[in-house]
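Next up is a structure, given as structure tokens.
Labels for the chains are A, B and C, by order of writing; each one numbers its residues from 1.
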Amino acid sequence: MTRLRAEGLTLGYDDEAIVTNLDVDVLDGKITAIVGANACGKSTLLRGLARLLKPRHGVVSLDGKALTEMSTHEVAKTLGLLPQTPLAPDGITVADLVARGRYPHQGWFRRWTERDDDAVARALDATGTADLVNRPLRQLSGGQRQRVWVAMAIAQDTDLLLLDEPTTYLDINHQVELLRLLRKLNTESGKTIVAVLHDLNLACRFSDHVIAMAEGAIVAEGAPTDVITAELVEKVFGLACVVVPDPVAGTPMVVPT
Amino acid sequence: MSNSTHVARRVSVLGPGLAVLCVLLALIAFLSVTLGSRSIGLPEVLRALGSMDTDGSINSTVTLELRVPRTLLGILVGAALGVAGAILQGVTRNPLADAGIMGINSGAAVFVVFAITVLGVRGAAVYVWFAFAGAIAALVLVYAIASLGREGATPIKLALAGAAVTAGLVSVTTGIVMTNVDALNELRFWQVGSLAGRYAPILTGVAPFLILGLIASLGFGRALNGLALGEDVARGLGQQVTRTRAAAFAVVAVLAGAATAACGPIVFVGLVVPHLARIICGPDYRWILPYSMLLAPIVLLLADVLGRVVAAPDELQVGVVLGVLGAPAFVGIVRYGRLSEV
Amino acid sequence: MAATASTAPQAATAGAFRTTRRRRAARLLAVTCSLAVAVSALFVLTMMVGSFQLSAEEVIASVLYLRDDPSVDFVVRGLRLPTAASALAVGLALGAAGTIFQQLLRNPLASPDFVGINTGAGLAAVTGIVLLQAGGLAVSALALGGAVVAALLMYVLAWRDGVAGYRFILIGIGVALFFDGLIGYMLTKAQLSDARQAMHWLTGSVGQAEAGELRLLLGALILLLPTAVLLQRQLRALELGDDTARALGTRTELSRGGLLATAVVLTALAVAVAGPIIFVALIAGPIANRLLGPATGGIIPAALVGATLLLTADLVAVHLLPTPLPTGVVTGAVGAPYLLWLLATTNRQGAGG
């Protein structure tokens, strides 16, 4: 059963097609990692899945309905996305920013309610940013800032959450913390999560399903243990390596030769 | 495409591009000396240029004492405005920042009006020094106000302080001009911006400042690249952000101050040319600065020559030509070109 | 990320967040109310002073038709109310339009003054004054047309699969410079007296309001200020960038179009009424933001700041200076020091931007 799926999807900017004729089923209640070399169409695919890019061909459907035929407001209650480089107005405070994640749950005349307070508080707690609410975003460290953005996406309170390279700018400790947070959200509230990730080892460690892309096409997909092999890494990244089991979790670990 | 081939291609395309621009500039400079409302034959122009001495004839005098200084001034002022604009856009990370909004023009105008109304002095040669002083005073004021507070002169504070100082000074100028027809009459011509009537004494007065400023400005490419990534990253790269900003502002004050003093406010060059350079070069200030430095005088002289030819025997102020012909060209480039943001 | 999802800490966080939110809401309300009081007081004060001094009571009674006193009514309704009303309306319109532009284009310098709308109005009006010897209502109508044409031109030129803020700003620069070049040409070619009249119009003054234009602007305000307030939510989403805004469920192009149209109509009518009064639109938003706390971006507070600025400027221009001057001369002098002071002080506490 998949709520979010793409069939025959072709996406591009201006005259260039970046990804062509893709079929993707996003597994419900799982964490999916999209991996691949730079400029292989990972982010483009994610933007397509989140209706930020209109398909040239093909359909992206949510619960059986094409995204293009749903009101964007309705979609936003089910499907959230954190872009790669989100913009923030100068001087905005953490409280203000995270609260803006509640946008789809308000209407022209529907005001802020206790439920919104609770959702924001849940997001702040989950990301460990509750102490920062009164601080301006600009004064935070890169790691704190990224967690605040994730908090905003969580506050949107959607069943599906798409994240475009959420671990960039983070040191290894914060990367792991963020991925643990995603795992926690997944196990505790059953959220479906799709993330574009750069670090293959962390992707294997924290995802249930890996989609490996090269030149706008899906090269392989499946459970990390099945998919990530030395041949695949060579093919996708052009890197000669051996793949050994991670000493802690037993998931595949890529070691360059 | 790997990074190193990308850079190599950049150098192999953009490097010769600079040479092409130099040739273009020389060509237009030559046109600027030969063309004008008074038609002077090419041999006479060449003879005058060759001897570098007036033989007493009107034609050689016009060439050497009017057209040559005017052309040289156009080159220097154009280059100065282009580079100053590029630096300001880089420091403030704002595509709307130019010397005008940072208080230069309004500061110069206030001092000029002050000279006219209070001191009763007249003439372009005197205005130069008042305008120069006013421009620098205004820019220093903007920087000082933006520097107050813990974080120093952040881009947004610079932009707002510049806008506010400009607002206040424009009020003062307009207030005086509105009550003094004489000052209005002088100012309305000063305000359009022109290379006309700015000859040898003005050139020799401002040239040292402009040349020194231009040389100093070329060292800022790497620093601006760092600032473009944001203060945090720049600091991480080992830059002294505050010192870089202050130095950049000092150079801008000298360049734009002297240029505005010499020719009045020519907004277009400082605002538009850096965007053109950015469209050609991408976001690398090590290329944007030299490209701005060459593109700006080309655009300025071209507009000046057109202004002389189109309306002969009269002439159109270069500010007018730039707005009427240059702006649509710029709009076209922006619409169809590939943009990389400040 | 040590916090567990147990309910106790979450309730505490929710409580803390609620306090923060309520404090912000209270501040918004307090600032808005104080500004509204200041605007009302200035509005009445403008009508009290002059060669014929009136009391506040007389002014209010006359404006609200509570009393019948022909001489007072003549001074108040006939002479002073139009100017005061246009200062109020133009200030509200420019303040609201300015902050919408700045937030939408994500640039503190991107007020209508700088992106070509005012220059479009200016060129049309100056052409009318210099070439057609037009005056009064004709100039207002030309300005209105010029502003709308300039705005449409920019929108069409900047449209390429949607209007990106950055391209819109650059196109705005180009359009503004084009009109500026032509205005400069007009001014140098004009007779000195025409040039003077043109400069006077270009400076802007609330005293030159035409009744018809003013009524139109007041009507537009009654319609568009509530629209702007309703669109504020969309604006706050758009501020986070198009990708985030769409992910949050905003119809970005539609919202942006609606906000732009609102701001453009307000600006165009304001310019038609009072000429291109500069800097009100530019500084009202930043001042409001510094009163409210950074990035709050209230449209109504910004509109009220605009009205305060313009009413104050009118008082200064007409009554405090030795010779009465057009309002536009004074707006910069009134607003700029205040903004500079705010810039200098709020940042000491590390609260500003």
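Throughout what follows, a contact is a pair of C-beta atoms (placed from the backbone, for glycine too) under 8 Å apart; a residue touches a chain by one contact, two chains touch by 3 or more.
Just so we're clear, the structure is a prediction, and the values are computed from it rather than from any experiment.
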| item | value |
| --- | --- |
| Leader among chain pairs (count of C-beta contacts) | B-C |
| Central chain (distance from its CA mean to the mean of all protein CA atoms) | C |
| Furthest chain, CA centroid comparison against subunit A | B |
| Centre-of-Cα separation between subunit C and subunit A, whole angstrom | 40 |
| Length of the line joining the C-alpha centres of subunit B and subunit C, rounded to whole Å | 31 |
| Distance from subunit B to subunit A - Cα centre to Cα centre, in angstrom | 46 |
| Two or more partner chains touched - positions in subunit C | 108, 350, 352-353 |
| Residues of subunit B engaged with two or more neighbouring chains | 156 |
| Interface hub residues of subunit A, defined as touching at least two other chains | 90 |
| Subunit A contact footprint on subunit C (complex, rising order) | 1-3, 5, 9-11, 13-14, 16-18, 20-21, 24, 103, 106, 108, 230, 233, 236-237, 239-244, 246-251, 289, 293-297, 350-353 |
| Residue ranges of subunit C touching subunit B (in the complex, touch as defined) | 107-110, 114, 157-158, 160, 166-167, 169-171, 173-175, 177-182, 184-185, 187-188, 192, 195-196, 199-200, 203, 278-279, 282-283, 286, 321, 323, 325-326, 328-333, 335-337, 339-340, 343-344, 346-348, 350, 352-353 |
| Of all residues in subunit A, those that touch subunit C in their complex | 47, 50-52, 72-77, 79-83, 85-93, 95-97, 99-101, 103-104, 106, 108, 112, 117-118, 120-122, 124-128, 130, 133-134, 136, 138-139, 147, 156, 177, 180-181, 184, 188 |
| Sites on subunit B touched by subunit C in the complex | 94-97, 101, 145-146, 148-151, 154, 156-157, 159-161, 163-172, 174-175, 177-179, 181, 184-185, 188-189, 191-192, 267-268, 271-272, 275, 316-317, 319-324, 326-328, 330-331, 334-335, 339, 341 |
